[in-house]
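Several structures are given next for inspection.
One chain, subunit A, appears in both complexes that follow, with subunit B as partner in the first and subunit C in the second.
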Partner chain A sequence: MLDPIFLLEAVINGVLLGGVLALLALGLNLIFGVIDIVWIAYVDLVALCMYAVYFLVTWGWPLWLAGLGAIVVGAVLGALVHLLIITPILASPPINQLLATGGLLFFIQSAATLLWSTDHRSIRVNMPTIEIGGIFVSFTRLLAFALAILAMVALYFFLTRTYTGTAIRAVSQDREAIALMGARPQRLYLVTSAVGGAMAGVAGALLIIQYAVHPYFGGAFGPLTFMICVLGGLGNMVGAFFAAFIMAQVISVGGVIVSTEMGYVIAFVIFIVLMFVRPGGIFARRA
Partner chain B sequence: MTPLRVLAVLALVALALVPVLPLGPAQEYIWHVIIQIFLWSFVGNAWSLMGRFGLVSLGHGAFLGVGAYATVLLWNAFGLTPWIGAPLAVALTVVLALVVAYPCSRFQVVGHYFGLVTLAVGEVIRLLIVAERDWTGGSLGVTLKTSGTASGAVSLQFADKRVFYYVGLAAWLFGLWVWWRVDHSMARSAMEAIGEDETAAASVGIRVARFKMGITALSAALTALGGALLALYLAYANPDTMSGIGVSLRIVFAVVLGGMYALLGPFVGTALTIALSEYLRIYFGIKLIGIAETIYGLLLIVFIIFLPAGIYGSVAQALRRRVSRPSGRVPARA
Partner chain C sequence: MLELSGVTAGYGAFTALWDVSLRVATGEAVAVVGPNGAGKTTLLRAISGLIAPRGGRVIFEGTELAGRPPYEVVAHGIAHVPEGRRLFPQLTVAENLKMGAYLPTARAHFRESLARVYALFPVLAERQAQRAGSLSGGEQQMLAVGRALMSRPKLILFDEPSMGLAPVMVLRLFDLIRRVREEGYTILVVEQNVRQVLKLVDRAYLLEVGRIKIEGRAADLAEQDFVRQAYVGL
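What follows is the complex of A and B.
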């Protein structure tokens, strides 16, 4: 029989993982909701931001400054992806858009292999482990969780309290009407891509203190991130937030009870079944 | 005979003669590359049966993996000849495909959602192979047991690459034949209507679910056969090269690169990607690991932006437009 303390620890780790997954899903979901394009390579952009933090830190930058640097790198990458790849194919069938960003996925993964080899790179951060009643929680994970929540709140205020944010929400509701209102959708797409990229930068900065980065990092979290977005309802940020915590619990607890791979298998099977039962996401209202 | 037919027959004769011709010291290697092109084209063809009708599966790795692993494991564990093992593997894959396709058709999971569901299926199969490491070999893969005392005709293992050359050629031609039959059937019109608009198709009496499940089962069966042949040829199967997201995307990309609406599109795409990666591998050796894939990824992006119908598809379209203006066979969507 499994010790309940392990189970509780798994639940807590699941919550902490959920925060990170929610952050990953957030940027992707923002881009999807506004531009209506799935960036298959989104988590690979996150991996690039992790590399950015890693190299900045090894060049002697303090961690917090390197994190800010990664956010800038992410925003620039997001804008570049939009200008170079997405803009020419905005009117193409969705599948071509999906495949173009898939090509980007291959490109990033192999370019990273070419430039930085397949070594796993991580930053050593000396932070204590907190013990509460026999349960050990890593402080780095706790910190990442708190910052992830903070970033999400910041994005929420950006979208609801600023002029640009309001315009972005408007374009996601009706892209023809917003043009008639005098805002320029192209410019808003670019801003959205840059913000989505900046979120990738935040995620990268928070992930590098817990995970080692390698060229195929995107493959480990990518599929999961899409599934969370879809489960929450593509474009629905609140839905994705909760979906992230549900999937993280399944993976974390399933991983402890059965095995790590089976935790993921269970999560994916739940995803497949939920897609059949509630194709619009778990929080979709019945049409 | 039209000039095109003459050309096709000549090309076939040339392909059939390759193993007989003396190709110098590198001949084994040349055969090896061509066999891989045949088998992966066959798989790409199988994928395009679905892809061209808007059923973009990102999980064909699942079908490939089940086909490959079932064949190998049946031989390894029970000594069951692939003559029986491979058909069993194909049958198992068809069951899996129907289990996925039925709810997808029933609940109208289409577009992005279909892609993501199939992607999840591919990952589930890959993770299951890794998790069940006691009998699948896990992420290290599994090696086909040698024939031992059994003859090559029973174990389907041959030291001579030329046997598999002809097996690959036959498989590839068989795949083309299936593609052509589908292309010239009534099912094609029905499937195109479904691909455009399911509800409209259903309203004119097309049995949407039946057609979708049929084409999925056919595509999965051929993919599984391709997986079985690849595993037998390589005498090895690995969860990362035979299932999961990586190989699934690779299949899709080769087809898109060549053109998924044209008969020879998957072949052209596969031949180009394999030839490119082999060339870069030889040219750069181990100095620049990843350069082949980097160029490959870049090409994909460029192609999807500028030549969405694929290389062969675009050329074929242009030729057809020159030959006959009022052609009805140009794909509606590209």
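What follows is the complex of A and C.
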């Protein structure tokens, strides 16, 4: 019989993992919801931001400053992806757009291998493990969770309180009407991509303090991120947020009950079954 | 204020407007009436920049606007209340009005404009936290008009404002447009509801298969051949 303490620990770890997964899913979902293109290479951009933090710290930057640097790197990368790859194919069939961002994935992975080899790189962070009543929680994970929540709250306020953020939601509903209001749809798309990129930067900074980065890092979190977005309903921000926590629980608790690998297997099986039952995502409204 | 000369416009290989010339003077209310498919919507879209005219000139207060994108045209003081209202259904009433004031000059006067719109349409103030998509047809039309006013325009283009409204609401709507007019805005309205719209405007044009057929004072034209022709077209 499993010790309930371990189970509780797994639940807490699941919540902490959920925060970072939700951040990843929200960044991807923001871009899809507004521009209607899935950035297959989104988590590979996150990996590039992890490298950015790694190198900045290696050059002697303090960690917090390197984290802010990664946000800037992410925003610039997001804007570049939009200008160089998305803008020329905005009117193309969805499959071509998917292939183009998929091509970017291979480009990033290969370029990273060429530049930085397949070495696993991590930064040493000396942070304590906190013990509360026999439950051990890593302070690093707690910090990552808190900052992920903070970033999502900031995104929420940006999208609901500012003119630009509200216009970003409006352009996804009626592109022509927002142009009649005096906003430039192309500029809103660019801002959306930069914000989505900045979210990738935040995620990269929060992941590098927990995991080692390597050129194929995107392969570990990429499929999971897509699964969460689809499960929550593509483009549905609230849905993605909750789906992230559900999936993180399955992975974390399943990992403790069976094994870490099985935690992922269970999560993907649940995903496949749910796609048959509710193809529009668990939060889709019934027709 | 607004002068169109020889405007030709269309979509792809299809030409919807042929050599259209019309003018709207400051403070005037002008209607363009005509049957379905006459090119009325295309005319307004060519003015507000949603489509670029193939030829001709669109002069607004001395500035050539033909071919300019919509976000520049609205900055010159032309607000377009499009066909089918085109609200942002997932945004609240207040957020839709906020989007109406997107331009920097309009943003600076946001509170003042909002108070004016709420005074004109008190029902919008009551429903400000509601999603625009959940409003009734009449309320949606008020919101579309209110959103246009938020940009502090000089000229307002109305595209089929009575479309999709119950007959009782149509009468109320024309009253509302009349009140907007009394606030000092210049109006160019496109309508199929000829009888009602002619009571509202000073002058009218009849548009048929993309060409201006007749032009004249509303009072002279009402209840004449002109009206019958338009109705036959319906």
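One rule holds in what follows: the second predicted complex is superposed on the first by the 287 of 287 C-alpha atoms of A that agree within 3 Å, B and C clash if a C-alpha of one lies under 4 Å from a C-alpha of the other, contacts with A are read in each partner's own complex, and residues count from 1 in each chain.
Convention: a contact is a pair of C-beta atoms (placed from the backbone, for glycine too) under 8 Å apart; a residue touches a chain by one contact, two chains touch by 3 or more.
From a predicted model like this one, the values you see are computed outputs, not experimental measurements.
Enquirer: Give one of first, second, both or neither to describe whether A:G235 is in contact with subunit B, with subunit C, with both, or with none.
Expert: Neither partner.
Enquirer: Could you figure out whether subunit B or subunit C reaches more residues of subunit A?
Expert: Looking at subunit A, the partner in contact with more of its residues is B.
Enquirer: Would you check which partner chain A:P223 touches, where first means subunit B only, second means subunit C only, and both and neither mean what they say?
Expert: first
Enquirer: In the complex of these two chains, what residues of subunit A are touching subunit B?
Expert: Against subunit B, subunit A makes touches at 38, 85, 88-89, 92-96, 98-100, 102-114, 117-118, 215, 219, 222-223, 226-227, 230, 234, 259, 261-262, 264-265, 268-269, 271-272, 275-277, 279.
Enquirer: How about subunit B: which of its residues touch subunit A in the complex?
Expert: 54, 56, 100, 103-104, 106-109, 111-113, 115-117, 119-121, 123-124, 127-128, 130-131, 245-246, 249, 252-253, 256, 288-294, 296-301, 303-305, 308, 333
Enquirer: Show me the residue ranges of subunit C that touch subunit A in the complex, using the header's touch definition.
Expert: 48-50, 69-71, 74-75, 79-80, 82, 86-91, 95, 98-100, 102-103, 106-107, 147, 151
Enquirer: Taking the complex as given, what residues does subunit A use to touch subunit C?
Expert: Against subunit C, subunit A makes touches at 163, 166-167, 169-170, 173-174, 176-184.
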